[in-house]
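Two complexes follow with chain A in common, the first pairing it with chain B and the second with chain C.
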Partner chain A sequence: MSVLTIRKINKTYGNEAVLHDINIDMQDGEFLILVGPSGCGKTTLLNMIAGLESVTGGEIAIDGRRINGLGPRDRNIAMVFQSYALYPNMTVRGNISFGLEMRKVPRPRRSEIVNRVAKTLQIEHLLDRKPAALSGGQRQRVAIGRALAREPSLFLFDEPLSALDAKLRDEMRTELKILHQRLKTSMVYVTHDQIEAMTLGDRIAVMYGGRVQQLGAPQDIYDNPTNRFVAGFIGSPAMNFIPCELAEENGAFGVRLSGGEETRLLPLPDAIADKLKSWGRGKAVLGVRPEHVTPSTAEQQTEAVSCPVNVVEPTGPNTYVFSKVNDVEIIVRCTPGHAPEAGSRAKLEFDLSKALFFDPETDDRVA
Partner chain B sequence: MLIYAILIFAAAYYLLPLYVMLTTSLKTLHQVNNASLLSLPDPITFKPWAEAWSSACMGVNCSGLQHYFWNSVSFVLPAVFISTVFGALNGYVLTKWQFRGSNLFFGLLLVGTFVPYQMFLLPMAWTLGKIGLSNSIGGLVLVHSVYGLAFTTLFCRNFYVSMPDELVKAARVDGAGFIRIFWRIVLPLSLPILMVSIIWQFTQIWNDFLFGIVFTSGTHQPITVALYNMVDTSSTGIKRYNVDMAGAVITALPTFIIYILAGRYFVRGLTAGSVKG
Partner chain C sequence: MAANSPAASAGTYRSSRWREHLDTVLPKLTLVPTGAAALIFLYGFIAWTIWLSFTKSTLLPNNRFAGLAQYRFLFKLDTWWVSVTNLVIFGVLYIVICLAIGLFLAILIDQKIRAENLLRTIYLYPLALSLVVTGVAWKWILNPDLGLQSVVRSLGFTHFTFDWLVQPHMAIYTIVIAAVWQASGFVMALFLAGLRGIDGAIIKAAQIDGASLPRIYLRIIIPSLRPVFFSAVILLVSMAIKSFDLIIALTGGGPGYATWLPAIFMYNYGFNRGQIGLGTAAAVLMMLAVALALLPLILSELKEKRRASTR
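Right after this comes the complex of A and B.
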C-alpha cells in the first residue's frame, strides 16, 4: 500500500511558481530521498507534506487519506529538523514525551515509550539533561528519538545531518540506514548532498527548478539519468560534458574528439549509434563519467586521444587528472600507480559503451 | 589611574544628591535649618519618614503618602502585567505566526514609541470619559497598558526574531497549538526579555506624573502627584525639607528595589540575540 501519494502538487508564492506538477507515490516502508540544489523546492515540498505550508494545487494523501487542509498534528507524521529544534527549556525526557503529552497519552505509557526509544537510540544516560548540555551527535539522536516516540505513519527529515561535522555525518548516516532497516518505517528525507541521497535512499527524486527531474533507484539514476542536470548532479566528481560533432567515416559512426593536437573519430557501439542516427543531428553533448576515461597503457592505441595533463590530484584511493578535450575541462579517474605526470600529455581511452548523449539545446538525453 | 579618578568623580557627582536626600530625611528640622547641607544627621531621627508616610498634608488632607503609595501599586502592577503579557503575545504573533501585512502592522506599532505623552492627553481624556473610566485606577491601568504596549511589543518582537522558527514548527508537528506553544515553549525561554519589559514598564509607569495628574484627582492620584502636592503644601508654611526628602525617597524606593532584584537580567535581555547560545 502506498503510505504517501503526491498528485499534481503545485505551489506558488504570489505570482512565483516554486513547484510544478509534482507526482510521487511512496510505498510503505520506503526510504525516499528528495535531493536537489538549494532553491529547487525540496524543503517546500517537505513542509507541504508536513502541513507547515499550504498546498496551492493538487492533492497529498497519507495512508490513502487526503490531508490537504489538515494541520500538522492531524497528519500522523513526525519531523526531524535541520537545527534539531529541541526545546531548550525541557530535558531530553521532556523533549521526547512532549508530543505524546500533546496527544494525551497517559503518563505511565509515556514513560514506557520514552524508555523504549532511549534504549533504541542509546541515549538512556542523557534523559535528564537539557539540550544545551548535549553534543551535536547527541542532539541529533534526541531529535530522532522525539520523532520515533510517536510511531507515525511517515517520518520527515529536513537535512538532518547538514549541521554535523564530516566524520560525525558519515557515522550518523550509517546509523540512520541501520535504523531504517531495523524499524522498516517510511521516511522522506530531504538533502542537497548527493552522496547521502545515493547511500540512504531506496528511491531518489532529483529535483530542480521546482520539478522532479527523475524518480528512481539510486543506481538506476546514476547509470541512466534522464537529462543533463541529473547526470551532472548525481556523482562525484561530476560527469564530464564534452560538446562534440557526430560523424560517419568509412562506415563507422562516432564522435570527434580532440586533445588539442589531432582530431580522432571514436566509433560508437551500435545501440548508441542507432539512437543518435535516428535523432539525426550533427552536434551533441557527450556525457562520460570520470571513471570511464582512463589513461591508455598500450603504446599504440588507435582509439585513444592524446590530451594534455594539466593538474594531478591524488586523494588516496584515486588520483584525479584534469585534462582538456574539445576545449572543455574534463576529470579523469586513475588508479594512483597509473597516473600521468602533470605537464605531460597522455593518451586517454573513452569507454563509449557507457557514454551518454544530450541535446545541446534542451539538455535532454538523446542516447 | 586616570580612568578610575574619572569614574569615582562621576559616581560621586551622581550620588551626592542621593546623599543629601538621605541625610536630610534623617535630620530634625532644626538641624536642617542650622547645619550645613552636607553634614551628617545628629541625632538621627525617623520622624520625617513617619510623617511623610502617614501624616503629611496634601492641601487639607493630612494622611501622608501611604494611601497614594497603595494607589500607585494598585495600578502599576496590573498595567505592567497587562502590557508585558500582551507585548509578549504580540511579539510571538509578529514573528512566529506572521500574517499578511504583519510587518506593516509592526511598523505602525513602532510609531507608537515615538509619540510623545502630551499628544495622548486630550483624545485619551475624551475616550476615558466615554467609557466611564475617567478619574479611576482602572483608567490609569488602561492608559499605561496601551501606551506601554508599543514598547513591550518592540522588545519582545526583537527577542523572538532571534528565536529559531523551527522550534515552533517542531511543536506544531508535535501537536501543540497556538497557546500551548506560547505557554510551554516560547514563554519559558523569554525570561530575560520579560525582565527587561517589566523593569522598563515598572519604571515608566511608577514614575509617571503627567497621566496621573491629568486623568485622576483627589484620592485616586498616584504617589508622584501626591508627593508634588505634599511638597507644594508644605511650602505655604514652614518648609519641611526633611519630610519632603523622606517622601521623595519613599516614592523612589520601589523602582530602586526592582532594579536591584532584576537588574542583572536587564543587560542580559538587552544584549540577548546578539550573542549566540
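Right after this comes the complex of A and C.
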C-alpha cells in the first residue's frame, strides 16, 4: 500500500510559482529522497506534506487518507529539522516526551517510550541535560529521538545532517541507514547533497526549478538520467558534457572529438547510433562520466584521442586528471600510479557504450 | 622599506620606542578624567552620603557622629513607612503590569498582525518622552475637573467618577497608570527581541508534536524567554525604586504625603526640611535596595563569564 501519495501538487507564493505539478507515490517502508539545488522547493514540498504550508493545488494523501486540510498534528507524521529545533527550556527527556504528553499518553507509558528511544539512539546518559549542553551530533540524535517516540506512519527529514561536520555527517548517515533498515518505517528525506541521496535512498526524486526532474532508484538515475540537469547533479565529480558533431564516415556513425591536435571520429555502438540517427541532427552534447574516460595504455590505440593534461589531482583512492576536449574542460578518473603527468599529453579512451547524448537546446536526453 | 636598512633603523629606533610607549600610555591617559570624575562624583559622594547618614547633620552637613540615631528616628516616622508601603504597592503593580502588557503586545506583534512598524513606534514613543512630560500629561488626563472624568460627564454620564488623583488612598495607583504607560512599550521591545531570537522551526516542531498555539507559548516560548524576564525585572525594579520626577510632576507627592516614595522622602527631608542626616539615611537604604535588586544580575553575569571561560 502506498503510505504517501502526492498528486498534481502546485504551490504559489503570491504570483510566484515555486512548485509545479509534483507527482510522487511512495510505498510503505520506503526511504524516499528529495534532492536538488538550493531554492528548488524541497523544503516547501516537505512542509506541505507536514501541513506547515498550505497546498495551492492538488492532493496529498497519507495512508490513503486525503489530508489537504488537516493540521500538522492530525497527519500522523513526525519531522526532524535542519536546525534540530529542540525545545531549549526542556531536558532531553522533556523534548522526547512532549509530543506524547500533547497526545495524552499516560505518564508510565511515556517514560517507557522515552527509555526505549534513548536506548535505540544511545542517548540514555543525556536524558537529563538541556539542549544547550549537547554537541551538534547529540542534538541531532535527540531530534531524531523526538520523531521516533511517536511511531508515526511517515518520517520527514529536512536536511538533518547538513549542520554537522563532515566526519560526523558520514557517521550519522550510516546510522540513519541502519535505523531505517531496522525500523522499516517510511521516510521522506530532503537533502541537497547527492552523496547522501545516493547512499540513503531506496528511491530518489531529483528536483529542479520546482519540478521533479526524475524519480527512480539511485543506480537507475545514475545510469539513465532523463536530462542534462539530472546527469550533472547526480555523481561526483560531475559528468563531463562535451558539445560535439555527429557524423558518418566510411559507414561508421560516430562523434568527432579533438584534444587540440587532430580530430578523431569515434564510432558509436549501434543502439546509440540508431537513436541519434532517428533524432536526426548534426550536433549534440555528449555526456560521459569521469570513470568512463581512461588514459590509454596501449601504444597504437586508434580509438583514443590525444589530449592535453592540464592538472593532476590525487585524492587517495582516485587521481583526477583535468583535460580539454572540443574546447571544454573534462575530468578523467585514473587509478593512482597510472595517471599521466601534468603538462604532458595523454591518449584518452572514451567508453562510448556508456555515453549519453543530450539535445543542446532543450537539455533533454536523446540517446 | 627604509626601516630594513641598518642605518635607518638605528636612526628611527629611539622615536619608535617613544611612540610605542605613548601607544600604551595614551589610552589610559585619556581615561583619567572620566575615571577621576566617576571616582569623586560617584563613589566619593556615595561614601560621603553614607558617612553623613551617621552624623547629626541638619541644614548643613557636619561631622558630629550620631551612630544609628538617624536610622532609628527614620523608622519611627509615619512618612517613611508610607513611602515604603507606596514603593511596595507601586513596585509590584508596576513590574507585574508592565511585564504582562509588554509580553502581550510583543506576542501580538510577533504573531504578524498588520502594521508592525507603526505599532512598535506607537508603543515605544512614551519612552522617548521625559518623565516630567508624562507626569504633566497624565496630571491633566486624570484631573477630575479637566480630564477623563469631565469628558465622560460631558458626554452625559453625569455620575461617572474617576478622581483617584485626589483620593489619598487611590492616588498611588494613578502613578502606576502613568508609569506603566511610559515603560510597557520598552518592556515590549525587550520581549519582542527575545521572541525574534526563537527559531521558527521550534514552533513548527511543537505544532507537529500536537501542541496548540497557547500551549506552545505557555510551555515552550515563554519559558525560554527567562533571561528576558530576568533583565526586564531587574531594570524595572531599579526604575521603580528611583521613581521621582514622574511623581513630582503628576501628584507632587500629594494629596498630603499620600504618594511619597522613598526618593521623594529623601528629597523632602534632605533638602526642604533641613534634615540632611535623615535624608541621607533614607538614601543609603534606597541604595541598598537597588544593590539587592541588581545583585542577582551581577552574580549571574559573573557565573556566565566563568562558565564561558571554563568551556
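We take it that the second predicted complex is superposed on the first by the 367 of 367 C-alpha atoms of A that agree within 3 Å, B and C clash if a C-alpha of one lies under 4 Å from a C-alpha of the other, contacts with A are read in each partner's own complex, and residues count from 1 in each chain.
Note that contacts are C-beta pairs under 8 Å (C-beta built on N, C-alpha and C of every residue); 3 or more make two chains touch, one makes a residue touch a chain.
Quantities reported herein were computed from a predicted structural model and do not represent experimental measurements.
Once the complexes are laid over each other on chain A, chain B and chain C cannot both fit and instead clash.
When both complexes are overlaid on chain A, the residue A:F322 reaches neither chain B nor chain C. Shared contact residues on chain A (touching chain B in one structure, chain C in the other): 50-52, 71-73, 77-79, 81-83, 85-89, 98-99, 102-103, 146, 150. Those residues of chain A whose C-beta lies close enough to touch chain C in the complex are 47, 50-52, 71-73, 77-79, 81-90, 98-99, 102-103, 146, 150. The part of chain A that touches chain B in the complex is made up of residues 50-52, 71-73, 77-79, 81-83, 85-89, 98-99, 102-103, 146, 150. Residue ranges of chain B in contact with chain A, taken from their complex: 164, 166-167, 169-177, 180, 184-185, 188-189.
Residues 199, 201-202, 204-211, 215, 219-220, 223-224, 226 of chain C are the ones touching chain A in the complex.
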